[in-house]
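Structures for review follow.
Here chain A shows up in two complexes: once beside chain B, once beside chain C.
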Partner chain A sequence: MSAPDFLRLDLPALVAAMLACGTCGLLGSFLLLRRDSLLGDALSHAVLPGIIAGFALTGARSGLPMLAGALAAALAATVLITVVRRAARIESGAATGAVFTTFFAGGLVLMEVSGARSVDLDLDCVLFGQLETVVWLEAQGWSSLLDPAALAHLPRQLHLLAGVAAAVVLIVALLWRPLHLLCFDPDYAAALGLPARRLEMALNLMVAAAAVAAFEAVGSILVVAMLVCPAAALRLLTDDYRVQVLGGAALGAGLGVAGYALAGPLPAAAGLTLSLNAAGAIGTLGGIVVAAAALLRPRAAAGRREEPAIA
Partner chain B sequence: MTLGYNTLVVLAGCALLGLAAGTVGAFALLRGRALVADAVGHAALPGVVLAALIVATLGHDPRDLPPLLAGAAIAGIAGVLSVQALARTRRIREDAAIAIVLSAFYAAGVALLSYVQTLPDAAQAGLTKFILGQAAAMRAEDAFWAAAVAMLALLLCLLLFQRLRAACFDPDFARVLGLRTARTDLALLGLIVTVTVAGLQAVGLVLIVALLVLPAATARLLTFRLPRLLLLSAMVGAVCGAAGAAASAIDPDLPTGAAVVLVGAACFTLALLFSPDRGLVAEALRSANRRLAMAQDHFLRAAWEAQEAAGAGPGTAGDRWTPIAAIAAARGWGEGRAWRLARWLALRDLVALSERQVHLTPRGAAAARRAVRAHRAVEHHLLALGAADTAGADRLADLVEHGLTPEVATRLLPEPSALPASPHALGGRP
Partner chain C sequence: MTTAPPLEIRSLTVAYGDHPVLWDVTWVAPEGLTAIVGPNGAGKSTLIKAALGLIPALSGSAAFFGRPLDEVRNRVGYLPQRASVDWDFPATALDVVCMARYPRMAWWGRVPRAEREAARAALAEVGLEEFAERQIGRLSGGQQQRVFLARALAQDSDLYLMDEPFAAVDAATEQAIVAVLRRLTEAGRSVVAVHHDLSTVPDYFSNVLLLNGRAVAAGTVQQAFTPETIAAAYGGRLNLLEGASVAAGARA
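Now for the complex of A and B:
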């Protein structure tokens, strides 16, 4: 494959996959350690009506209104889950299931009613992701990487993804210690005077933002794979907080790149005609990594203590 | 919408499906397994795609439902087993395991689907309908299959009723009786897989979990008794299924799963708001009633004590009218609030109202005497115990006196028949 082709077709998608999966992998560890993995599942579904509403109100598929709508929907969903759990007195899993399926269904109907589906945002994007459509047509060759005029035409999804990834990395770096405490000893954190509820809210909003940014690249449901799989694989292998969180991000980014490469470019380079949906390949790879970690994890460590505390 | 034979059969099939899903969902919710259906549903996708691929390769019609459902069931069972295997590592809890399995299996399904779509023959025809459901595309025989599988699940549920009930409500007791809850749980998982698979075509694998959770959660808000809960849950499920099929018949572009879920969510919201004992509206009304009863007690007692402070008593020669402003001052209320309460009490014939002054009627005096006795009973008790000083006893008594029956008040008082004096000065608050 020639350099311009690689730059036009593969590089943007590769970078998008890496950013989306890396961001989700970074946040996934916090969700897993807080025993809140289902919230990632819930939020990635619940943002749909917000995305559609943001799209329908502005009529444009631009990042910020959709992001704002999605964050509002995510907030509403987390509040509703708490209300339903308390009022109906059902376990949080069932309350989560009731709320996020309703939001997702509402989003689907909104998509049908608002006409968003026929225009630009289609169902396939929600269900399967559209990594393949992230292209940079202005690229002429390696020199384009340094050419401001060409760089200005980088795909819109990349701007959003890069912005969210930078924000998430910055916030996680700033809140490194408080998040650590929140994950392992929420009571102690509260006793120290940490605003635990605000931290939780910040975490949830970051997850929602990552879900929106990744949504266009890997699809609504596969965001879940990236939120749980890297974190779970690391959880099986390590007891170290730093390794868990940073490793989750690295593994996520690696899975994104490897999955994309396996789906199209590698088989093509090998002369095969096989071409798979990239998001599907990434998610499958995530599952395989977890299964491998479960099988290969150090048995001695597993047998020593039931639930070792991470230091 | 034409009510042809096909439409009617599909409608009935979806209603039966909802009936079964509601019943199984009730047990799943009670046993804390509701979300397993989410894992099963998503995990079914690769099974469906592989089954279609195999059937097409063998040269049969890939739209035939039984092989697709069999593939879905096998993949669903594999999904459940993976969830259990991951949860056994103890490092990953069941909720995370469910999220891993549903997303990874679904991803595999998506990858397979994209591969099948590149094949020349029509193996992929209609497979995406399984994701969000499209009841309008169902043929009568598909509906028969779905209904038959659903009925099988329902029948098994009724046969296993005793065991399921024991496992849901008192697993320890069930073990003592010699019932094996592990086996019952396995049966319940089997039932969940069965209804989930039966509902794939009508509701779709993404949202099928809602058909198990929402009717059961709705019924849970309305009743505490298991037979009634099962019946309600089944009925709500049937309504959801039928409404979804109807919506799909009216607008074939509408994903049926979304319609089913929104009907279920509407039922759940109505129950959440208006359930007689657990609804938010009933709860708000109860708490407003409590607050009103408290304010009423406080008002009457303040009116009584104002008389007492002036050395007069209701029915005596010095019986006087009390300005509402004085009552407001004694309670620390705004005048507007005291005035509204006075009007309400006048409506109930507990006070007479004239020129911004109140006077206890005979009924009001009796109620006021009860309130005063209850208040002083608590005060005296707290003081006798040394649990509070005078001001503290007054404040605490304000909080707890309202539930006190006259008999209990009498037992707490030092002079049971008489009305004891207040331990503190009457009138304005300290």
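Now for the complex of A and C:
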């Protein structure tokens, strides 16, 4: 494959997969440590009506209205989950499940009645994304990477992904210690006077933003996989908070790149006609990595369980 | 020196859903070591959490040193129940104790050396200095409880609210914790602890609050911790064994 072809077809999708999976992998550790991985699943689905509403109101698949709609929907869903939990006095998993499936289903209905479906958004795109359609047709060669005119035509999904990824990395860095405490012992965080509720909300909104930015490129199923798999694999391998969080991000990004390469470019380079759905390949790799981590675990973590405790 | 009591609860009522847990509790915690005792479901932990604003109260208020909590937060330390957190969490004993000092640091960057040293000193206070770098999941239950105690100590407060500091610990840990509590009061600090073992109340504490949804009795252990008040707090629920151990404790 020539350099222009690589730049036009593969590089944008590769970068999109890396950013989407890396951002989700970064946030996944916080959800996992809070024993709230289901919330990632929930938020990534609950944003759908917001995305559709943003789309229907502006009539275009532009990033910001859809992002704003998604954040509003995520906020509404988190508040509603709390309300249902209190009002119905059911356990939080059930409340979460009830709210997010309702939101997702509502989004599907909204998609039909708003006419969004006839244009460009459909169920396949929602579930599996369309990584293969993230292309940069203006690229002429390596020099295009330095050409502002060509760069301005980078696919819009990349702009949104890069913006959200940068914001999430910055916020996580600024809230590093409060997030650590919030994950371990939220009551103690509140007793110390840290704004625990607002930190929780910030975390949820970051997850929602990452979900919506990643969702169009890689689909909601892969968003869930990347919120859970890298964090789960690291959790099995390390007892170090920094390694857990940063490693989750790196593993997510690596899975995105490796999965995309395995789905198309590598088989093509090897002369095979095989071509897989990239999201499927990335998600499958994620599962394999968790399984591999579980097999490696005895050496890393057996000590944690069996080391005789000294009183 | 202020004369306001460390903790004053006024007409506190708390409910989970429609199920009331605390009814119109008014109580002043004196200086020194105070135990909150009562049967399961009496609202002992709820009282502490509501005072700290961790769960909403239907009515009533709590004042610390005569002021609202927000104005004196650095004077109030908290030790939650050990079972309330996941001890498999990726953190060392020192990491956990450092959390007490988070309000004194920036939210990012490295933990300043002075704060790290303060945390180490707190670990030494509970006899765990050599376990500072150990992942908390690899500590015994008693050691984990002492890590939580060290974290409370690292807050360097004037009043410590402790939720079952003696829950499920071995005898050696229990004695170590008692020693720390005594040193705290000798240094002029106050402790309010939820306590389960009626037989050790007279040994460990100077004051007591008997709680069963309402404040049944409060005062010094000699005045307020009598067979009558205990029976009133526990109703018919004090079994023979507990009765015997209370009697033994009172004789000791």
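Definition applied: the second predicted complex is superposed on the first by the 300 of 311 C-alpha atoms of A that agree within 3 Å, B and C clash if a C-alpha of one lies under 4 Å from a C-alpha of the other, contacts with A are read in each partner's own complex, and residues count from 1 in each chain.
Definition applied: a contact is a pair of C-beta atoms (placed from the backbone, for glycine too) under 8 Å apart; a residue touches a chain by one contact, two chains touch by 3 or more.
Bear in mind the structure is a predicted one, so any value in this text is a computation, not a measurement.
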Will chain C clash with chain B on chain A after the two structures are superposed, or do they fit?
fit
Once chain A of both complexes is superposed, is A:F104 in touch with chain B (first), chain C (second), both, or neither?
first
Figure out whether A:P148 sits in contact with chain B (first) or chain C (second), or with both, or with neither.
neither
After the fit on chain A, how big is the angle at chain A between chain B and chain C, using C-alpha centres and going to the nearest 10 degrees?
60
Looking at A:V228, would you say it contacts chain B, chain C, both, or neither? Reply first, second, both or neither.
first
With the two structures laid over each other on chain A, which partner does A:T284 touch: chain B (first), chain C (second), both, or neither?
first
First (chain B), second (chain C), both or neither touched by A:G271:
neither
Once chain A of both complexes is superposed, is A:R89 in touch with chain B (first), chain C (second), both, or neither?
both
If you count the residues of chain A that each partner touches, which comes out higher, chain B or chain C?
B
Is A:R35 contacted by the first partner chain B, the second partner chain C, both or neither?
both
Please provide the least distance in Å between a C-alpha atom of chain B and a C-alpha atom of chain C in the combined superposition.
7
Report, in rising order, the residues of chain A that make contact with chain B in one complex and with chain C in the other.
35, 89, 235, 307
Of all residues in chain A, those that touch chain C in their complex
33, 35, 86, 89, 173-178, 180-181, 183-185, 187-188, 190-194, 235, 238-241, 243-244, 303-304, 307, 309-311
Going by the contact rule set out above, which residues of chain B touch chain A in the complex?
29, 32, 34-35, 38, 42, 82, 85-86, 89-93, 95-96, 98-115, 118, 128, 131-132, 206-207, 209-210, 213-214, 216-217, 220-221, 251, 253-255, 257-262, 264-265, 268, 272, 278, 280, 283
Per the touch rule, the chain A residues reaching chain B in their complex are 32, 35, 37-38, 40-41, 84, 87-91, 93-98, 101-102, 104-106, 108-109, 112, 123, 127-128, 219, 221-222, 224-225, 227-229, 232, 235-236, 263, 273-277, 279-284, 286-288, 290-291, 294, 297, 302, 306-307
Under the touch definition given earlier, write down the residues of chain C that touch chain A in their complex.
17, 49, 52-54, 70, 73, 76, 78, 80, 84-86, 88-91, 95-96, 99-100, 102-103, 105, 107-108, 135, 137-143, 151, 155, 170, 172-173
